[in-house]
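I'd like to ask you about the structure that follows.
For reference, chains read A, B, C and D in written order, and residue numbers begin at 1 within each chain.
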Amino acid sequence: MIDKTVASAAAAVAGIPDGATVMIGGFGTAGQPAELIDALIAQGARDLTIVNNNAGNGDTGLAALLKTGRVRRIVCSFPRQADSQVFDALYRSGALELELVPQGNLAERIRAAGAGIGAFYTPTGYGTALAEGKETRLIDGRAYVLEYPLRADYALIKARLGDRWGNLVYRKTARNFGPIMATAATCTIAQVDAVVPLGELDPEAVVTPGIFVQRVLAVGPAAQAAP
Amino acid sequence: MKRLTREQMAQRVARDIPEGAYVNLGIGLPTLVANHLPAGREILLHSENGVLGMGPAPPAGAEDPDLINAGKQPVTLRDGGCYFHHADSFAMMRGGHLDICVLGGFQVSVTGDLANWHTGEPDAIPAVGGAMDLAIGAKQVFVMMEHHTKQGVSKIVGRCSYPLTGIACVSRIYTDLAVLDVTPHGLSVVDIVDGLSFDELQRLSGVPLINPRA
Amino acid sequence: MIDKTVASAAAAVAGIPDGATVMIGGFGTAGQPAELIDALIAQGARDLTIVNNNAGNGDTGLAALLKTGRVRRIVCSFPRQADSQVFDALYRSGALELELVPQGNLAERIRAAGAGIGAFYTPTGYGTALAEGKETRLIDGRAYVLEYPLRADYALIKARLGDRWGNLVYRKTARNFGPIMATAATCTIAQVDAVVPLGELDPEAVVTPGIFVQRVLAVGPAAQAAP
Amino acid sequence: MKRLTREQMAQRVARDIPEGAYVNLGIGLPTLVANHLPAGREILLHSENGVLGMGPAPPAGAEDPDLINAGKQPVTLRDGGCYFHHADSFAMMRGGHLDICVLGGFQVSVTGDLANWHTGEPDAIPAVGGAMDLAIGAKQVFVMMEHHTKQGVSKIVGRCSYPLTGIACVSRIYTDLAVLDVTPHGLSVVDIVDGLSFDELQRLSGVPLINPRA
């Protein structure tokens, strides 16, 4: 019997090695897998590359992970926020490398990795500093930049419900990067409010088919109400 | 001459958004436009973090941390709205499906180049978000900004000195002094705030303007 | 008030001009918008380019459209079937031009058109007759073929339910090409079993957001049970 | 020596599909494998027309024209299965997420090239479907075919004479005479049908084979 559920947060993040590239879901704190990030902090892996839309808020979740000093490099679209003080200090001190990517290129590069696309031409960023040094091409009179897939060893994501096959449904705008990150990582770990019996999720409404998910951790509905 | 307030600017932009339009309002100043959309018009608001058919802010106490806009403020969903993931959301933006996006601006050039994501100062922490995707993706790009910097320098320029967001992407500029269309011949004045003449507006602007009534 | 519903099949296909490129949903007959195709036949547009996975079954639907002689060119992945006699005869006589595309490239090219991608590198077809003359590139040691977006003037698709904003949900494997074709056409026309009031479709389960749909035609549930 | 029947070939392939595998069974001969998957193993069947977790054919009279497999035959959905659109389905295939696909073949070369979509005859109507996507996308590509054509010619060849489906994409070949692994050194025999020696199999095959037991 296939059973992708794991019993503890520690088991969920077991085996993530030093030097790993880890995608973390969420847009700000919506969809951020707080319990999995805490478990990764406790687990101790270092020299990490993190892919997230932002670079942490306040001093919990992703910000707390950055604060441990175990992140070498972050790939994101919007690091600077009112409460990104942890990132700001690390970046200014030169302790954290930043790859800034337009949000749509970030999403499309993650999707391309999951879909087996070798590279793609995007109009976003053409002629700007964020496309400097990149290959460009004129197609049907429009200018494009060549962008490459963004893959990860692990993805930590948050969904609303899951089942033992790893099927997932999300909640409102907390869906954001979860479904595409799940396709782009070798090992996708999802925290969910609850695990439901197989067949309970509507087959027309499953957002992430279980094929993209390797481990499922139930953290209880409390996580959803948390700020 | 009295400069428009931020709310008046938002009101002016809102007037130009027709029934049935699919619209993305950028973070900051453009967000105010939502408060002024005519009640009689059905207009669908998109937010890049995966929602179409966004409604107004919820009443205090009814905020849902899982339902936010691109500025990470709590919002609501209208009947008929729906959710989707980030790649689908940006496909919607980049594929040319939005009718209008409204963006803030540091500078707009006479050819419609936009600079709005980075001051370029060496110690500034950059953040781009979805600005570059909106700039190249929406059918019409409205930029909404003060006509001048706090130092009194025109934000409408011959050539942007700040790092670009997109090239030749702006359709129309809304400032606290005027509305300007970006045309192949230059910036054409659509309307001017009460009490300001074309010649005065021209003197206050960094580039030659076209007076379609001349 | 936005109301994308149309009152008749004739109104649904009004304005499709001679020479148009028309995508038609469906995989075999599952998801094939039979009523819209019949309306297109009655409407009379000619010199059409049709994009579909197949090239018609039996002598109804897409096959009947081909039989009118008004299709100049078809783009598909799997024309030859046990009951593709209409296509077979037209193809053998030289009356119908065929662009054969691997099914995954067909899907990805349609998606690329909807997503604003200028071109993409795909591993599918490399070294085969279907990539002859196409640009290739080695990326990270793997060989890829450059493929371009596939756009349409119109898409005719079939869904289960729709609303007046054009939101759609599908039924089982009849979903197939509908959602991506809707994104790739300037004007997407959806036939649905029924139009439901706004807000009745679960916002977490809408498959095609209304932004991609211009006209919605209710044809009644009978269409779904039809062979 | 007794050649395997088509059902026995399907049984032999089924034996190699482990618990938890995500599998696509190509149209034609490979479809038979579904009938022989061990009852004790949870194996998830994918079909490129947008379904994962496919179940067996429905009883007569319970067919649903909206629930079919890639061969356009009626199927069912297991609890835990789900539907998705064509781009998502092929992303699953092309992105390397399927563990195994089983394809039919006209020819397989000693280096794992596959020809299975077109005879190349001038009057033949071509049809490729998802074969090229499966050939390059699945982690392992199993090809299932008779060892010989009806004319008695080996379908295992030095170089395919039919148009290619994919280059160096085949992992393992299942015929009515043997199972062969494609290795960097050539085709290595995994097992041979009862009553046939390696030397006899070698004589019946179009290319040099490796006997790992030698």
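Note that a residue touches a chain if its C-beta (ideal position, glycine included) is under 8 Å from a C-beta of that chain, and two chains touch if they have at least 3 such contacts.
Quick caveat: nothing in here was measured; it's all calculated off a predicted structure.
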Contact counts by the stated rule: is the higher one at B-C or C-D? C-D
Among the chains here, which has the CA centroid at the largest distance from chain B's centroid? D
When centres are defined as mean Cα positions, the distance from chain A to chain C in whole Å is 33
Between chain B and chain D, what distance separates the C-alpha centroids? Give it in angstrom. 54
Which whole number of Å gives the spacing of the CA centres of chain B and chain C? 35
Centroid from C-alpha atoms only, then distance chain C to chain D, rounded to Å. What do you get? 29
Residue ranges of chain C touching at least 2 other chains are 108, 111, 115-117, 122-123, 170-172, 204, 207
So which stretches of chain D touch two or more other chains? 77, 83-84, 87, 90-91, 93-94, 136-137
Kindly provide every pair of chains that touch. A-B, A-C, A-D, B-C, C-D
Please output the residues of chain D touching chain C within their complex, sorted ascending. 47-51, 64-68, 72, 77, 83-87, 89-91, 93-94, 118, 123, 125-133, 136-137, 163-167
Chain B residues touching chain C in their complex are 19-20, 22, 42, 44, 46, 52-53, 77-84, 87, 90-92, 94-98, 136-137
Write out the stretch or stretches of chain A touching chain C in their complex. 108, 112, 115-123, 137, 139-140, 142, 144, 148, 169-172, 202, 204-205, 207
Of all residues in chain C, which touch chain B in the complex? 1-2, 111, 113-117, 163-165, 167, 183, 198-199, 201, 203-204, 206, 209-212
Which residues, counting only chain A, touch chain B once they are in their complex? 27-31, 53, 77-81, 84, 87-88, 91-92, 98, 100-105, 107-108, 110-111, 122-130, 143, 170-180, 207, 224, 226-227
